[in-house]
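First subunit A sits with subunit B, and in the next complex the same chain sits with subunit C.
Let's look at the complex of A and B:
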């Protein structure tokens, strides 16, 4: 037998094995619980344990008003599933949300920082709900089990006949196939989530705009972009274009953004969430986040303070940013609405640059603006060193 | 062959363990910079520029000595599994006490702590040199509420920092007085 023909045949089998798809499942109904004698019930039990850890995590934002607000938007979007889903706001930078099979939905504060209105938030909530009602996590779990079982059998067979290299090809193909399955689920969730938000009366054009910003952020980030073959999600560009096509085709007369209330409800948290982003030291991506928030226009004084913070921290590794930081802080002070720390930051830069009179004025302004300054004694010490 | 295999397995197992040694309640040298009077016995683990002392386990309370961080050094070792290209806050020579406090807060946040808050930053002697101290509160990712106390000084451009953190209930207060006396006993070499 021609060994290359055998190799080709085995490779074909490997690719077929990688293409194995778990059995299709039907949508979960409102209030439905999996029967106890099913693998799904066992899977839910594992998810319940994870949810217990999420519930007690120090990263969960427990503010009752913010939680009630998000819950209200979710329940308006999907009244039938309102009682089945538990929302957890997770204090974490970066754009992310996650849905578990048992109805645990995690919404990262980095996502709340990036969406600009209730319409965009509804698109994210609809996307995550689709994962739940289409039982995506269960399907993914079954898909991984089916494909890896086939892979193990195939790798054993190829090793026995001395064609281990084919087993490696199959391993790569299986991984690619699992991720392709994930990407298809994401595409479905984007589509159904979009339909939910549009049917609820939100502005359809808002959905693709989320991805405009995320595409720009990805480009500006120092982080590696990765390969689409092994990616669990479609590219941001593909998602933006697909949603833009759907929005253009969607006929609607009532289209609401829900911007004002969203800004009001998140305003008190935004500074802390921006600080979380700064801790990532991903200054390119952070600049895109700030630019988008500035464009939207709420409390520019606070945004220019964080613009200054970005320049100040980047100045630790790059020259020339300190002057830009001073410009941003001064603009923040001029606009109003910046936290008192803007004066301390300005004072520290002036002091480092040996501009003592400017530093003194800034530190005094800080102590005057921040009655409960947590570092009052040290700032007074700095002032004492200047006199 | 079987003996060699057994020894190999033992060596691999031992290499995977974190090694602790006993720190007696007496004068202890910290790096080449200073000494402290340990008030009680501690268990010590040392790695690079960091010495870690604990009594009940680092998840409950831990006293860390950062022995002269230089420009570009991070406070914490990269978590296992974290991508190598991910950036962590770095100490920069010339930082003021305010910036060091920010560096500590940001590093704790980057290492997974939640709701990190610092307060009470004030000048304080670090042995015979001018230094600073401040207090911290945060929660672990698992939800355990923690307290912290930091004291340090920049000596010849390098940051010497002592950071005591522990569970707010019971463990942090349990050794706080011992740590305070230890801080008061610093003598530069």
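Let's look at the complex of A and C:
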């Protein structure tokens, strides 16, 4: 080997080693802001800019009561950080929440649809807050920066000595390692978030129950399952087991679920959130969401309407679902509490199955139930065609 | 329990505005061709309105970000550099505009800090989207739109009038800059690669400016700048970059 090249490769390896020295990170204090000349301040600046867009996004749910309610739960959970965190309810299906370095917390309505009580909501809020107070964005960035820096020098060195293939292997290993770091942050957030909710007096057993539902949803989902090597989060199974162990070990005398108020506060929004979820057309996962809500048992009529909607939409690709849709809609009507659209949906199914008299009754019921129906003219036109 | 997203470096579900920002960022790469400062001005097709000596030009808060380029090519935003770059650009804008046929009105938020009021944010975001569209479809030949061939008639429409009413201004000037500097690791990599005859890019500077007629919302003048030299952290360099950007401003 050319000695020049050997020297160059050696220099690269030395640089690589230097890149791996990690700096210790301490928890952020309430009210603390990073000094301007730090890498952390750079992220805050960038996140402040993003937050400005989030604030005026059309997807943010602005209902003052719902916002005040979530804020109250958050501030009871963590009075010290109450002033540092801004909560944004984001209208989006799927179980998710996100924390940005500057204190912007996004809570997806798909998450609010799935948690069943204040205890579970508190576990989610505690998890997200942990990302903030442990400065996870900063830690992650430093990890990514050090690892990718080391990687390019390593790849450079291996290319110089003619071992480019080793560099490619290193690239895959680096990616895996960055994601492993991320999974460790998630584990830490699960643990600290659990402690926060349990110490605030919530029922510890509620935390692993979130993951029961998500494991079932994953199994029923139409979506392909990815490899854990590149996963940003630990598996739902692992998270459930860990939380279940922590809950079992936690000693508590008075623990509350806070179910009643949670149901009251979210009842008016649930229909819209279910519709968002249905539009994903992941009917396997959607069925699990509906089953869990039915089991908890608030406003079943509404749930059976969406059960019918699931069957009606699935009938476009799978056979035999139209009849199940009719059964579900009729059950929804019997139970009460379903939106007026249940009659319209029923009417459309009957009509396309050439059951004209049933269709007529259903459309008429729709028009009398929905005085302000925006599609009144259309339905009247349908009725006119039948006579 | 976040669950599928974690503390983020970037939004997972981008809003149209953040998508626009990303587009603008990629433009720098698309235009990355020569090492000199490149600018290209577009002027509205519609006849420029007669501008009297007292035209009031609202200077929107300049959108600036200065980052460090890591060895691997990632950008680390730097708040201190950004703050000095922003000061330098605004100083340059003040001095460059004072010699022109216009009176500069500075944007002032209700809170007095450098944020933008909620009532003006939508106009600001809309301009960002229009600007990104112009950059993509007017500056990248492969993306040229058949309907916009030999034409420059982009507009923010009525949304611009909110700025006119709030500040009693005739025009708004929007300025955007992104600058980056190689970290010591990147610099080392550039030197080592050069020894082997391989060229790796260092920091880059990109920017755009647009002048909007606040009566019609039309973008009446637009310029884009790209260079691999220059340093917005330094007053002189920021001044010459701003000067290049404002070249041929019809005021």
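By definition in this document, the second predicted complex is superposed on the first by the 365 of 387 C-alpha atoms of A that agree within 3 Å, B and C clash if a C-alpha of one lies under 4 Å from a C-alpha of the other, contacts with A are read in each partner's own complex, and residues count from 1 in each chain.
Everything that follows uses one rule, which is that a contact is a pair of C-beta atoms (placed from the backbone, for glycine too) under 8 Å apart; a residue touches a chain by one contact, two chains touch by 3 or more.
Worth saying up front: this structure is predicted, and the values here are computed from it rather than measured.
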### Message
A:41 in the overlay: touching subunit B, subunit C, both, or neither? Say first, second, both or neither.
### Response
second
### Query
In the superposed arrangement, which partner chain does A:224 touch: subunit B (first), subunit C (second), both, or neither?
first
### Query
Just subunit B (first), just subunit C (second), both, or neither: which does A:201 touch?
neither
### Message
Between subunit B and subunit C, whom does A:378 touch in the aligned arrangement: first, second, both, or neither?
### Response
first
### Query
Which of the two, subunit B or subunit C, is in touch with more residues of subunit A?
C
### Task
Mind working out whether A:276 is in touch with subunit B, subunit C, both or neither, as first, second, both or neither?
first
### Which superposed partner A:57 touches (first subunit B, second subunit C, both, neither)
both
### Message
One more residue to check, A:316. First (subunit B), second (subunit C), both or neither?
### Response
first
### Query
Which parts of subunit A are touched by subunit B and by subunit C alike?
53, 56-57, 59
### Query
Taking the complex as given, what residues does subunit B use to touch subunit A?
85-90, 92, 94, 96-99, 101, 106, 109-110, 113-115, 117-123, 132, 134, 138-145
## Note on the structure
Residue set of subunit A touching subunit C in the complex reads 8, 11-12, 15, 19, 36-39, 41-46, 49-50, 52-57, 59, 90, 92, 94-101, 111, 123-124, 127-128, 131-132, 136-137, 140-141, 144-145, 148-149, 151-153, 156, 160, 182, 185-186, 189-190, 193, 210, 214, 232-233, 239
### Message
Looking at the complex, which residues from subunit C come into contact with subunit A?
### Response
1-9, 11-13, 15, 17-18, 65, 67, 70-74, 76-80, 82-83, 115-116, 118, 121-122, 125, 185, 188-189, 192-193, 195-196
### Message
Touching residues of subunit A toward subunit B in the complex: what are they?
### Response
53, 56-60, 91, 222-224, 276, 278-282, 316-317, 344, 348, 351-352, 374-375, 377-379, 381-382
